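Here it is, the structure in full.
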Amino acid sequence: MRILALALSLSLVLISSFAVNAADTMRLAVTTSFHNSGLSDILIPAIKEDTGIEVQLLVVGTGQALKLGRQGDVDAVLVHSKKAEEQFINEGFGTRRTEIMYNDFVFIGPKADPAKLADVKQAQVALKSIAATKSPFVSRGDESGTHKRETSLWKGAGLDTETLDSSWYREVGAGMGAALNIASGMNAYILADRASWLNFKNKGSLALLSWGDPVLFNQYALLTLNAEKHPHIKSGLSKKLEAWLVSERAQKLIGTYEIDGQTLFVPNAKKVDAS
Amino acid sequence: MADILAALSQAFWLLVSFDADLMEIVWRSLSVTVSAVVIASLIGLPFGAWIAVRRFRFRRYVIAIINAFMGLPPVVVGLVVYILLSRSGPFGVLNLLFTPTAMVIAQVIIILPILISITHQSIRDLWANYHDLLISIGTSRWQRVVTLLFDARRALLTAVLAGFGRAIGEVGAIMIVGGNIDHVTRVLTTAIALETGKGDFSLALALGIVLIIIAVVLNLLIHTISKTEREGTW
Amino acid sequence: MVSTLLPIRLEEAVVSKRSKILVGPVSTSIDAGGPTMIIGPNGAGKTTLLRLIHGLERARRGQVVFAEPDINEVRRKQSFVFQKPIMLRRSALDNVIYPLSLRGVPKAEAKQSALAMIERVGLKGSEDTRATFLSGGEAQKLAIARALVTKPDLLLLDEPTASLDAQAMRDIEALIQQAVLDGVEIIMTTHDMGQARRLANNIIFLHEARLLENTEANLFWEKPQSDEARRFVDGEIV
């Protein structure tokens, strides 16, 4: 009897791994921000319907997504960190960078708003104010797209994040949801992408305080991987995915996606030449 | 407090309604962990018994190292297995990354030290007792291992259940090697991590409650089947 | 049944642990026609000598030579009964079946033989009792059953009645006598001289790790050769 149970569970596990790499399946590494927006729940079934491709999402941080791309463990990467993406292509791991859509970052903070962000439209002014009042601020601290954007914004405001005092500048090394949790727990300011904020269920006494500065726009791009580095990857499917994401249907789905009556993404793909 | 109450009711409804997603995740959690426990037991129990019975020069060091590995952070195991199974890694051609098989492999590695250590200790005590008899009566080394394993089976069951407990609650390693892919490699623990990260604490807690209920039911089932508490000590 | 194991020759055999000699050098021959009882004061090396013959101790120097040339047969045809019975954590019946199952005897046949042996030693009704729950006397009888179920040529017993009450001792001595009648050779240690007088055909006397005498029992009791033996028989040394 024991042997039967053993054989049963082993075969089940094996069966499930075979099913995984069927012909029309591809793996796409995406960032937690993208996944948390909920947009993938709309797009993935639509992709299956229109192209027959089953897209498996690996939801990880930007750094890990690019690493998986370098290792050849995924077939394509969708992140929002232009500098890192361009470096990726320069290093020869990716063949092309295709812009798909953008959303924006927003400033979240305690309703009490000690740094008075509610009246501020410019990101740099907001950051300077937070620093001046030494109000608690949670940073992703994980080399993600969001984190890199945050660091560059501080730089634009004339402040080096390495030198900020850790009594109020808290680097948590976590994903967006986890970082928002911590900010909620600490009643701290935090830079988040709008979608993650709208979907976040633990808002506590945090509120959306400031937004709109163009430097806060957040461009998502799809990276197709270089088949020369990793011949086994599903380049054909990646190309199909790319073509779908820039198609009218996809762009419409992206542009009309809402949470609580608010649209989150602005589709901005240019037509891709069929190569 | 509100979160916990919300979680309890959510857990109740999920279970009672046989929520399809939940059933799928529960099934996957169990099949991964049970497979890992079975495989690790097939390797670890005889090995633990063997080193208890055999005298060899570096035995003390082997035992010390195995005991030390019990404290190995599962995430580290996950990273190592990832590096090995990655397409850029030595075993990439096997295409095992991001499959339940990879998760089983990681969990086997994580629970082996516990199984070997507990088995070794129990068998050693029993071997001290049986030593002269088994030699006198004329057993081969393999027969000794089998006899000891059989007579120590209650203690070994404890070892196996300890391994199960460690594996069913593990999240770091299987997150890395499994990828937490929806409908493919998502299990209870990784789902809990996901929902926590999204801030949906009550769902995360509900899943946690389901996990504990499953673990308790399984333990009770096994103890009932083997009548552990019925008769006296073995 | 004529034993092919005896005579056993010990040739300058020594057992030592950490440069302390436990017994030896011993050169003697143990012939068929026992029981042969090994007696002597405490610490003389009786148990060690018995274990050496059985193979539970290794000779540091010298050797133990059986009449039977095939070493596997030598092992198979001996059984050992320990002073404190070692029971497997199983039922009494399963304990007696165990040595048969090791030798590949089919289950049904093994069970039959085991049941018969259990009845013979007077434990009928206790087949399903956990062996570790048996009393001292019962456990020792079970050990003898287990030792005899494989039909050995040679049965070695190490002070088998040392911690038992008078009745149990009588029962076990009766079992030993019965085994002798069935043709099993017996080599046994004891510190009980009454027991030695009752059972022995040959006496081996050890004193401080040396073998001082190996003679027919009657001769030994009447006129021990060595001083130490005489003093031991007289009860002067224990």
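By letter and in written order, the chains are A, B and C; residue numbering begins at 1 in each of them.
Going forward, contacts are C-beta pairs under 8 Å (C-beta built on N, C-alpha and C of every residue); 3 or more make two chains touch, one makes a residue touch a chain.
These numbers come from a predicted model, not from an experiment.
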**Request:** Name the chain whose C-alpha centroid is most distant from the C-alpha centroid of chain B.
**Result:** C
**Prompt:** Of all the chains, which has the CA centre nearest the overall CA centre?
**Reply:** B
**Asked** Cα centroid separation between chain A and chain B, in whole Å?
**Response** 33
**Request:** Between chain A and chain C, tell me the centre distance in angstrom, where each centre is the average of that chain's C-alpha atoms.
**Result:** 80
**Asked** Quick one: chain B and chain C, Cα centre-to-centre, how many Å?
**Response** 47
**Complete:** Residue numbers in chain A touching two or more further chains are none
**Request:** Using the touch definition up top, name the residues of chain B that touch chain A in the complex.
**Result:** 28, 31-32, 34-35, 38-39, 86-89, 92, 95-101, 104, 179-182, 184, 194, 196-201
**Request:** Using the touch definition up top, name the residues of chain B that touch chain C in the complex.
**Result:** 126, 129-130, 132-133, 135-139, 143, 147, 151, 232, 234
**Asked** For chain C, which residues are in contact with chain B within the complex?
**Response** 54-56, 75-76, 79-80, 82, 86, 88-90, 98-99, 102, 130
**Prompt:** Once bound in the complex, which stretches of chain A touch chain B?
**Reply:** 5-6, 9-10, 12-14, 16-17, 20-21, 27, 32, 36, 56-60, 70-73, 174-178, 180-181, 184, 199-202, 230, 232-233
